[in-house]
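Just so it is clear, A, B, C and D label the chains in written order, and each chain counts residues from 1 on its own.
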Amino acid sequence: MSFCFDYTVQFRDTDAAGVVYFANIISICHVGYEASLIESGIELKTFVGNSEFAVPITHVSADFLRPLYCGDRVKVELTPHAIDSCKFEIKHQILSTDPQVADRSLVLATATTKHVVIDPQTRKRRDFPESIVRWLAQWS
Amino acid sequence: MSFCFDYTVQFRDTDAAGVVYFANIISICHVGYEASLIESGIELKTFVGNSEFAVPITHVSADFLRPLYCGDRVKVELTPHAIDSCKFEIKHQILSTDPQVADRSLVLATATTKHVVIDPQTRKRRDFPESIVRWLAQWS
Amino acid sequence: MSFCFDYTVQFRDTDAAGVVYFANIISICHVGYEASLIESGIELKTFVGNSEFAVPITHVSADFLRPLYCGDRVKVELTPHAIDSCKFEIKHQILSTDPQVADRSLVLATATTKHVVIDPQTRKRRDFPESIVRWLAQWS
Amino acid sequence: MSFCFDYTVQFRDTDAAGVVYFANIISICHVGYEASLIESGIELKTFVGNSEFAVPITHVSADFLRPLYCGDRVKVELTPHAIDSCKFEIKHQILSTDPQVADRSLVLATATTKHVVIDPQTRKRRDFPESIVRWLAQWS
């Protein structure tokens, strides 16, 4: 079951071309990822700054299909799955939820991110902590 | 009546000191301002890029009282008021809504912004458009 | 001949994990792209907001090989090439220039971006303007 | 003697109004502050993430006098001074360096920031470390 998150495009997301700056579209996907962690009962403050594990992103690829404008209401949909015991991937989609758009499943952008769990001291790979195992089970 | 807006601190808001980057605290206030405009029926896309008026910010002053961490749930409270026929001011407060904080009205940051309505071609001041008059009446 | 650009990692580029936020690594590549345009005599202000053409990014893919820290001095190297008459691709590399790193060609991140030239009114593809033809010839 | 820093306005600094997003003008001042620290021989990586001291910003006030556009070349000028043994203030000015502007000392924005030195564990104030004493002496 995918995780869904409603997002309103913010003024700071845009640039002088009048639409969302391309790298910020990827950041919006990350905001959805954060919301999915919170929804699974993970406290972000300890997820980010703890001494047991860190989860850096090693890869991203994204396609920007249609421009996003300030104030646009969109839905961020994401599905994670494990690649191995210390690496997972997330498929993200940003969909229009504009009531004036006939096709409510209009895809504005897609992205794939790869995340690897490491020991923050040694920066070597380690197995998923329990919290990530649960999160993967919930949204895969 | 002030406008209130719930906000969850995002990972991109933070910096290597482990807390929200100071300028992003001000951006969070602006996200609240955008939400108040939407709540008044103003479409942000046309508010931003139209040929009739623009509303640049001419001044900001802010006090950062306590650190904000990734994942913190906060309430952004704002009250605008007209200074003259083409200038208005907004008082912003960011308050903790952490259920573990005894004092739910704990102020994390305050900010004041000044905004002036101009003609985007000449960049000269002009009177408030009808939409801003209504927005001021609603939240003052 | 590739274009090279020196960049010092800024505090605002980082996040609470203590290293550069992944999407900002891609933004740093874009800062290099902007510098290459300026170096070719292109004025960014008119490149961005003109009525003749716009150059949205349609795709990005990036690999983040090593963490970047606040204050790190890096070199952004980029090589563009035309895909067809209205689309080009840029290969980006971020390299360490830390004097304490023995291997000065240590690659920290790589990225590929795809850009398409459109008419900003119709958002339909159009041929490269003269300025982009010259820029491609200079750095390919 | 003030510290001066050359900066080219980046695409990511701008927003859909076509000019630099107000909070990013303050971030540009901070980039100048970082450059002044580096120029004084301070390594940013250890300045930011050490266990001895942290230097949060407690206050900012800024006036935005003229719009900044993508690609604009500006000069960031800053002068710090001690307020007491654990608090200092920085006056920032962003000036046009556009060769087509007759008045090369045209001020685009001004800002004042207040910074306090704390113990990162207790978050209580402590005296300036030696590095900040030297930095203040150099640029005051």
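The definition used in the following text is that a residue touches a chain if its C-beta (ideal position, glycine included) is under 8 Å from a C-beta of that chain, and two chains touch if they have at least 3 such contacts.
Since we're looking at a predicted model, the values are computed, not measured.
Student: Have a look at where chain A meets chain D and say same if over half of the interface residue numbers show up on both copies, different if under half do.
Tutor: Both copies touch with mostly the same residues.
Student: Taking each chain's centre as the mean of its C-alpha atoms, which one ends up farthest from the centre of chain D?
Tutor: The chain lying farthest from chain D is A.
Student: Name the chain pair with more contacting C-beta pairs, choosing from A-C and B-C.
Tutor: A-C
Student: So the centre of each chain is just the mean of its C-alpha atoms; given that, what is the distance between chain A and chain C in Å?
Tutor: A distance of 23 Å separates the two centres.
Student: Could you state the distance in Å from the CA-based centre of chain B to that of chain C?
Tutor: Centre separation, chain B to chain C: 32 Å.
Student: Pull out every residue in chain A that's touching 2 or more other chains.
Tutor: Touching at least two other chains: 11-12, 14-16, 18-19, 21, 23, 27, 30, 48-49, 69-70.
Student: With touch defined as at the start, can you tell me which chain C residues reach chain D in the complex?
Tutor: 8-12, 14, 18, 27, 30-31, 34-35, 38, 43-45, 47-49, 69-72
Student: Hey, which residues of chain C end up touching chain B in the complex?
Tutor: On the chain C side, the touching residues are 11-12, 14-16, 18-19, 21, 23, 69-70.
Student: Which stretch or stretches of chain C touch chain A in the complex?
Tutor: Counting only chain C, the residues touching chain A are 15-17, 19, 21-24, 26-27, 30, 48-49, 54, 56-65, 67, 113, 123.
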